[in-house]
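Read through the structures below before going on.
Across the two complexes that follow, chain A remains constant while its partner is chain B and subsequently chain C.
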Partner chain A sequence: MNAMTDAGLLRDYETHAATLPGAGSGWLDGLRKGGAHRFEGLGLPTRRVEEWKYTDLRTLASDPFGHAHEPDADVSVPDMDLGAEPYRAVFVNGHFHAGLSDLTGLPDGLVALPLAQAMQNSKAFLESYLGRVATLGRRHFVALNTAWLADGFALYVPDGMTIERPIELVFIGATGDTRAAWHPRNLFVLHPGAQATIVERHIGQTGTYLSNTVAEIVLATGARLNHFKLQDEAADAFHIATTQIHASADAVYENFSLMTGSSVARNQIAIELQAPGSSCMLNGAYLGRGKQQLDTTTLIDHAAPDCKSSEVYKGALDERSKGVFQGRIVVRKDAQRTNGHQSNKALLLSDKAEIDAKPELEIYADDVVCSHGATVGELDEHALFYLRARGIPLEEARGLLIDAFVDGAIDEISNAAIREAFRSHAKAWQGGNS
Partner chain B sequence: MAAVLETIETVGEATDKYKHGFVTEIEMDRAPKGLSEDTVRFISAKKNEPEWLLEWRLEAYRHWLTMTEPMWARVGYPPIDYQDSYYYAAPKSDADRPKSLDEVDPALLDTYAKLGIPLKEQEVLAGVRNVAIDAVFDSVSVATTFKDRLEKDGIIFCAISEAIQDHPELVRKYMGSVVPTSDNFYAALNSAVFTDGSFCYIPKGVRCPMELSTYFRINAAETGQFERTLIVADEGSYVSYLEGCTAPQRDENQLHAAVVELIAMDDAEIKYSTVQNWYPGDEDGKGGIYNFVTKRGLCEKRAKISWTQVETGSAITWKYPSCILKGDDSVGEFYSVAITNNRQQADTGTKMLHIGKNTRSRIIAKGISAGKSQSTYRGQVRMNAMAHGAKNYTQCDSLLIGDECGAHTVPYIESKNRSARVEHEATTSKVSDDQLFYCRQRGIPEEEALTLIVNGFCREVLQELPMEFAVEAQKLVGISLEGSVG
Partner chain C sequence: MNILSIKDLHATVDGKEILKGINLEMGAGEVHAIMGPNGSGKSTLSYVLSGRDGYEVSKGEVLYKGENLMEMLPEERAQAGVFLAFQYPVEIPGVPTVTFLKQAMNSVRKARGEKELDAFEFKKIMDARLKELSIVNDMVRRALNTGFSGGEKKRMEVLQMAMLEPSLAILDETDSGLDIDALKTVADGVNALRAEDRSMLVITHYQRLLDYIVPDHVHVLSAGRIILSGDKSLALELEEKGYADIVAAAA
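Up next, the complex of A and B:
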């Protein structure tokens, strides 16, 4: 059996689909139906599916999910200093929340609005991109997300435009006692030479919910997207995120993902470097405790010559938590002069913590320089001794070393203000405050 | 890139030189074609085996029927019809088995002389080249040298079929203890129909005075070879063992599914080296051996098992020599050179399972792909929860020659122990133009320069081979890759 139950994730689909925004529009109905049909066939993945070998979704599949409702209590967005004042779009339980959002002052010529609105206002734009990058394939959660396509954020940046202030997308989960699921879909399209910085924050307050996010990103020639993500969902939440990117010539994609929340989280990023000169930097840190399972799965597909990729991931796992890193680099036949490097380092902080890593190289061209490195271990006892010999208490010494270790990844963030914001969140994790 | 084209051609020529591609005309005694309980009974009866072994085989066969072929390896081949093969083929003259080498069929001895294993001469020249050899021809062991010398130290080195007759208690105790009959599809198949192989027992505290070696040869057409090797090194003993493999050139694909089990008791050490040069098929991928092998060793306290392999042959290689590091302070090593060319496919690597405290393992894998071949390193390092202080170091390097081949690395790293340390590194590249230029500038012809660089690339592994065989292995690397890197 390669599929387990679908945890009621398609319950009463026909009835509900008819009430989704934009329903009745032929292509959108078709897209959704295709997703539903595919998910029906695939179900939720079990560990017998090679890509899901290390992440166990049994707790997710154990009970059915209902549909998300408006939260009972008030929700608010905790501040995060991103340097410049961001444009902000807030989604609560998967739905756009106008009251908490502020998208004023955006330059002209831009499309930057919630997807549900774009389904009314920018149909042509959506029709030409939606579902073209995040194709269904055998991707269980993309199929499920496509079936429920409703809200999220749509961004289009025209030729040569640079959006100076960061765009902050905040996804808040607050379901109280109900077990609910939502499926945000983001679409970012940057035309030639355009530049933007996006900060995604996934924060949860209460509840057992599934946030199944899909982002589709198209970078035209010379475009650059700086994409930073903080995943700090509620302790009982499930967070499955899929980010798919197509990069054209000389485009640059930078991603940093910091994961501290959820009971089970999977951050999957797949980028296709489609034309010469494109490059990507995928970096991140995963910090786990309790019984958390934190999974990072990346795929870098070098489909054209002269492209570059680099990856730096660090994981620190405490208590009974489990970290997973699966990083695959593919170099296709004609992708000569490829440069691809990957590093994943994990720190086990407790006797019950676990890490599983599968760094993979798949290479069909000969003029390449590719490497991956992976290490697993505990804190360096010599370094610890050095600090203790200087009168630093054990806990503090450990804290310093863990910080220094995680910093190695955080230092990769190119934006100084955002780097510091992420750094302080990582530090707070140590104090048990995140 | 004229040099690349040229070198690819040279590689092509080199494989035409598969020098072990001859067939020996010998009258064969075969089991009827196909696989059934009757085949299993036939083999068991032919070997005059005790009842318990027949039961063991039948149980494996019945289990095999319920299993499916593993499909996860990065290799592709048309479905195998397991009914379209002979499962037992023995030289007729085996009916009255030779008492000594003098009685061995001269045609057989000639075959081995052609292969570079002059059995007779070795007995004569004892002491010059200290290697004891067990030669397996299709399904049966035909000759074992140096038996007398080894017996003085209490070492048992003979064909496994002989061991079943003479030392049933040892065979019964250890066979299947490391690779159970139900372990995997090919191991189950092997357990049901294995015909011969070598058995070796080193008593407590004995250091085996010479290299032990088995040469495997597939000769008959449409035959599968299923040998089974069992090596038991008792407490504090040491043995170095080498196996070599060749087969004739044929258009059809032949199946080779072996099982090798090593048991290293407390403080024992086993060094197991393989030079695998089965017929790889022609440049269009026609013919060649399917090499689906299960090799696994068990280490007790402070024991050490070291696998060294040079894989140049076979159309398809599916092989993962593994170490179960059960005893505290035990050590596992894996050194591998895998060379693929033309349409060869290799999916090979190792498993290091760290169970005991302070266990250590080291993996050095070098993959070289040329022509239209695909080479994959697939390995697993697992640190169990009790493996305190365990350490692993893994290095996988791949070299690509030409732009039509592929090199892949698929490591699985799993750690459940905080104090365990795992380090893994992998690189993929071609020979650097700088290195080539450096050699060329000093007057070294391009081909020689390339061979030099490749030899350097493999050196770490080749130097692990016993001296007597290092030369042979180097030659093999030379033949497969002469001037082929560019």
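Up next, the complex of A and C:
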């Protein structure tokens, strides 16, 4: 058995699917049905599925999920200073919330709107891209997400356009006592030379919910996407995110993911560097405590020559938390002069904390420079004593050293204002630690 | 009351007894030198006094201003005014020196019931100390001790001492790794901090440091015990005859 239950995630599917936005249009119905059918076959992954060996989903599968409804309590978006005033789209329990959003002032000529609206207004755009990058394969959560395709954010940036202000996508979970699931789908398409900055914030207030996000990203020649993500879901939430990217010649994809929330989280990124000169920087930090499981799984596919990739991840794990880092780099036969570097460093702050790190390099070309490094350590006792010998109390001394460690990853964020916003979030995590 | 009173102090490291009955009395404002060959227990004494993990006191007592020093956490000792200038200051990448200095000063002030300094007040004090010690600003903008030369590290220790204003400063082999110019600079800094309400315990292998930091008393440590005490002339005698002769004569 490779699958466990489906946790009621397809319950009454036919009935509900008929009410989803855009239902009745052939290609969308077909796409959804394909997803549902695939998930029916796959179910939720168990740890016997190789890619899910280290992350235990039993708490997710233990009880059935219902459908998300509107939150009973008021929701609000806590401020985060991103430097420039962002364009903002807010989703509450998976649905676009117009009242909290502000997309005014976007330049003409692009598509930037909630997916449910795009299903009415930009059908041709969606039909050209949806499901083309995030293919179903044996991806349990992509299949599930596709079955329920309903809302999320659709972005198309035309040739040569740079969107100066960041686009902020806020996903709020607030389900109270209901155990509910939603499946946001984001589609970002940047045409040649286009540039954009996207900040995703996944913030939860209450509830045991599953947020199963899929992002499909297409970067045409010379396009650049700066993609920053903060995952600070509610303490009992499940966060599963799959980001799939296709990068054409000279395209640049930058990702930084900071994970502090949820009980079980998986941040999965897969990029195909499809044409010469494309590059990606996948960076992040995962900070866990309690019994959190925080999983980072990346795949960088060097499918063309002269591409570059780098990865810098840092994890700080306290109490009984567990980190997972699976970083696979494939360099195909024709991908000569590939430059790929990967680093994952974990700091274990308690003797009950755990990290499973699995770097995998598969290199079929002969002229490549590739490296990977994984380290696991504890706080430096000499450094701790030195700080304490200057009067700094133990907890503060630990805080200084943890900050210094995590900063090493946060410093990779290219945007100064966003870097500082993420830094202060990481420091706030510390505050909860003392 | 003496600043420091050590009575029959025995201490072990990894179960092995290194200090075997130290007795030492230090009055306010006095400078005592502890000299000894390698392995005599000099660094162990400094770590026992500052509270490093793994240094177990098996017997005896240490009173600091009449309080049992051994019951205090390392940070509490520092807050109470005990300062260890490290033989090997630790490089801490990622922690800016300025951040560290401010946090250390405010921790100490807070524990002493004084108002914490804001960024402006702190900078004023730091700039004044930097000037007194002729330390360039650039050093405090770098990560703590990271990539510092031996001389820079020791000057950073002196700067910290100047800012934390301890009542008891323990200088653990402050001369190690310094050339004569750097040694003079560091010694000048230490001498500038000599005060009636500040005692210093200068731990050193070599006499040359004591040419610059002139002690009131000199003690010879050998195999975990103080075997000889005298005034500053004892240091010169050691230099002349070597440890072997002195140790043999005292035995």
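In this section, the second predicted complex is superposed on the first by the 432 of 434 C-alpha atoms of A that agree within 3 Å, B and C clash if a C-alpha of one lies under 4 Å from a C-alpha of the other, contacts with A are read in each partner's own complex, and residues count from 1 in each chain.
The rule is simple: a residue touches a chain if its C-beta (ideal position, glycine included) is under 8 Å from a C-beta of that chain, and two chains touch if they have at least 3 such contacts.
For clarity, every value in this text was computed on a predicted model and none was experimentally measured.
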Fit or clash between chain C and chain B when superposed on chain A: fit
Partner chain(s) touched by A:Phe405 [first = chain B, second = chain C, both, neither]: second
First, second, both or neither for A:Asp12, with chain B first and chain C second: neither
Touching partner for A:Glu396 - first (chain B), second (chain C), both, neither: second
Chain B versus chain C as contact partner of A:Asp79, first or second or both or neither: neither
Which of chain B and chain C A:Ile355 touches, first, second, both or neither: first
Winner by number of chain A residues touched, once chain B and chain C are compared: B
Partner chain in contact with A:His382 - chain B first, chain C second, else both or neither: second
Touched partner set for A:Glu164, first chain B, second chain C, both or neither: neither
Closest approach of chain C to chain B (Cα atoms, Å): 14
Touching both chain C and chain B, counted on chain A across the two superposed complexes: none
Chain A partner contacts - residues on chain C that touch it in the complex: 50-53, 73-75, 77-79, 83-84, 86, 89-90, 92-95, 99-100, 103-104, 107-108, 111, 143, 160, 164
Chain A residues touching chain B - in the complex, by the definition given at the top: 50, 333, 336, 346, 348-378
Parts of chain A lying in touch with chain C, wherever the complex brings them together: 380-383, 385-394, 396-397, 400-401, 403-405, 407-408
Contact set on chain B toward chain A in their complex: 72, 383, 385, 398, 400-430
